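Every chain is named by a letter (A, B and C) in the order it is written, and numbering of its residues begins at 1.
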Amino acid sequence: MPEALATPYSARRDRPVAGYLRAIAAIVRKDLAAELRSRELLGAMLVFSLLLILIFNFALELDARTRQTVTAGVLWSTFAFAGTLGLNRSMALEVDRGCLDGLLLAPVDRSALFFGKALGNLVFMLLVAAIILPAYSALYNVNLFLPGLMGVVLLGSIGYVVVGTLLSSMAVQARTRDILLPLLLFPVVLPVVIAAVKATSGLLQAAPPEEIQGWINLLIAYDVIFTAVAFMTFDYIVEE
Amino acid sequence: MIEVRKLVKTFGRKPVLRGLDFSVPEGDFVAVVGPNGAGKTTLLRILASLARPTLGEVRLAGRRLPAEAGAVRRILGVVSHQPLLYGDLTAEENLRFYGRLYSVSELEARVERVLEMVGLRPRRRDLVRTFSRGMQQRLSIGRAILHEPLVLLLDEPHTGLDPEAAVMLDRLLGQVAGEGRTVVMTSHDLQRAASLANRVDVLAGGVMAASVRKGELDPEQLPALYRSVTGA
Amino acid sequence: MDPMPRALKTLNWLTAALFVAALYMVFLYAPREAVMGDVQRVFYFHVSAGWVGAVAFLVTAISGAVFLARRDPKWDRLAVASVEIGMVFAFINIVSGSIWARPVWNTWWTWDPRLVTATIMELIYLAYLMLRQGIEDPDRRARFGSVYGIVAFISVPITFLSIRFFRTIHPVVIGSGDPTAEGAFDMTPRMLQAFMFSLLTFTLIYATLLWHRVRLARMTEHVEERRMQLTSA
């Protein structure tokens, strides 16, 4: 990468890494600040999640007995569906008012834009989880506050968000944007859902650690692989 | 500062720019006019490194686009139709965001200075969502010059502005251009372009069909020239 | 209009001949399977179709990658052609799987990891086409298709592994009561020959169809170009 042109003016001339990280932080901060103000997104995701749990309650008859086996599935289905709301909205914000151009004009590597958006999406998802998990715990008297479980939620969310941010940056530019994202996302993110559900379920039912470890390894592998893939392909999505 | 040679841009199979030559010396203010669909926005987007040329050579400050786009972006400021601002953030938050993206040093002081320059200091804590189009455009210019670029590109900045706001914008443009920047502005307002810029180029048929320096031609004769060149 | 190249004409005939031969091998040459009977013959085409579906996907992913590197539209045309054909074969794979499952295990669907993965692959194909359909700009359409092709292709093996891991822990009983009875049977040498032959035939059918489809796409491009030239002149 050729060295940046010097301006006779006041732009900082520190190391590229600092600029890279600063850009990521700026984007996350911007997304959080905007969301804090409008609260549209978090509100929508939360209400949607609670509605889903309600529907599952009646659809699956979450009585005391079946609850143990079905909790993990209900939780992750909820995250998966509510997640698409967040992903779409986050990208739509940039693309709709042409703000994506503003981001592309910045003298930073494109991947910084990707990681900024992905990190922002991750924060939102974790925020939603932070509210849904206690809510579910209370509603169904199931203890979800196991440390391992937090880890699984984190790993699963990372995988979901990495692929989701990548695919939503494409889906949002299509005419059929709202229905397209789930269609593109779900087949690809299935391993995350499977692994997260099995790991969560395992933790809740105190399954043997080797079993749970296997699923966690799968999650980690998925996260690593797709972060790399996203890093390599994001450029092609945004560069004209 | 800006050198464009034989630029060709096709969208799918549709050619928009057909071997365009364009050159802007440092510090000059050039307005590019032309009919709708002539390719003014396309040209600007290519100069802004937001689009790639299909064929031809484009250089900014000696660096080739798109190959060395990363280096060039730091010295570029772009104002487009859309303000590129986040409605849910305040004016100063927007500026701070872009300042961080561009690693602007002494950010707070710079944001102050820019808000002052665009006349939006009293509205700094207001959400951009509540701004009129004219105010958004002014803030957009502020965003574009925040990192003190050497080159400023504007795509029809007067679109959607009422006469009063347009005059304010002109004053601001005059100020900004006066700081030694190289400015390229596209417009479909011939008279305004002629009064603001020191050179007016007419883009028609995918190439630069005419180029007139300030003083070369009587402003009254511009519309006639324009019509003859664009076949309107 | 470019005429069909000699090689393609020959391929047409060769493929047709091989297909007839394959039919013979599958229905007459290969012996009747002891336990399942004649319905087992579906297996030859079932697996071959599945194989082609996977190969087609690989071709799409690779051409997508090459397109992104070279930006030559012909690679994108290849990717789309492969998806269209792959989709058909994947569908044949799923349906033939059902046809086989019904008499053997008394169920239309088994949650066999391979079958589930094949279905997911089919859904990905559909999503790929829907993504392309929703994008107006041809360059963007090609780029997005390429990226999704690559991303989705990488996810398929991972999906397969996760489903398999899922199954080994919770084996699903499929009617016959034996969780490992995924149509396992020993292949006699004749069966093996019939199997390899159908695999070869189907691969050739894929290649032939692919060639035809790519030609069609190229000719469509030419027609479009001419039309643009004529209307803008």
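The criterion applied here is as follows: contacts are C-beta pairs under 8 Å (C-beta built on N, C-alpha and C of every residue); 3 or more make two chains touch, one makes a residue touch a chain.
The structure presented is a predicted model; accordingly, all values stated were derived computationally and were not measured.
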Chain clusters (touching), chain A not counted, are one piece
Which one of the chains is farthest from chain C, going by Cα centres?
B
If you tally C-beta pairs in contact for every chain pair, which pair wins? Let me know.
A-B
Separation of mean Cα positions, chain C and chain A [Å, integer]:
32
In angstrom, rounded to a whole number, how far apart do the mean CA points of chain A and chain B lie?
36
Go ahead and note the Å separation of the Cα centroids belonging to chain B and chain C.
50
Contacts with two or more other chains occur in chain C at residues 139
Residues within chain A bordering two or more other chains:
240
Over in the complex, which chain A residues touch chain C? Could you list them?
163, 166-167, 170-171, 173-177, 180, 183-184, 187-191, 194-195, 198, 211, 214-215, 218, 221-222, 225-226, 229, 233, 236-237, 240
Mind pulling up the chain B residues that touch chain C in the complex?
11-14
In the complex of these two chains, what residues of chain C are touching chain A?
68, 120, 123-124, 126-127, 130-131, 133-136, 139-140, 143-144, 146-148, 150-152, 154-155, 158-159, 161-163, 165-166, 169
Show which residues of chain A lie in contact with chain B when the two form their complex.
1-5, 7, 9-12, 14, 18-19, 22-23, 25-27, 29-30, 33-35, 37-38, 93, 97-99, 101-109, 239-240
Quick check on the complex: what are the chain C residues that touch chain B?
137-139, 224-225, 228
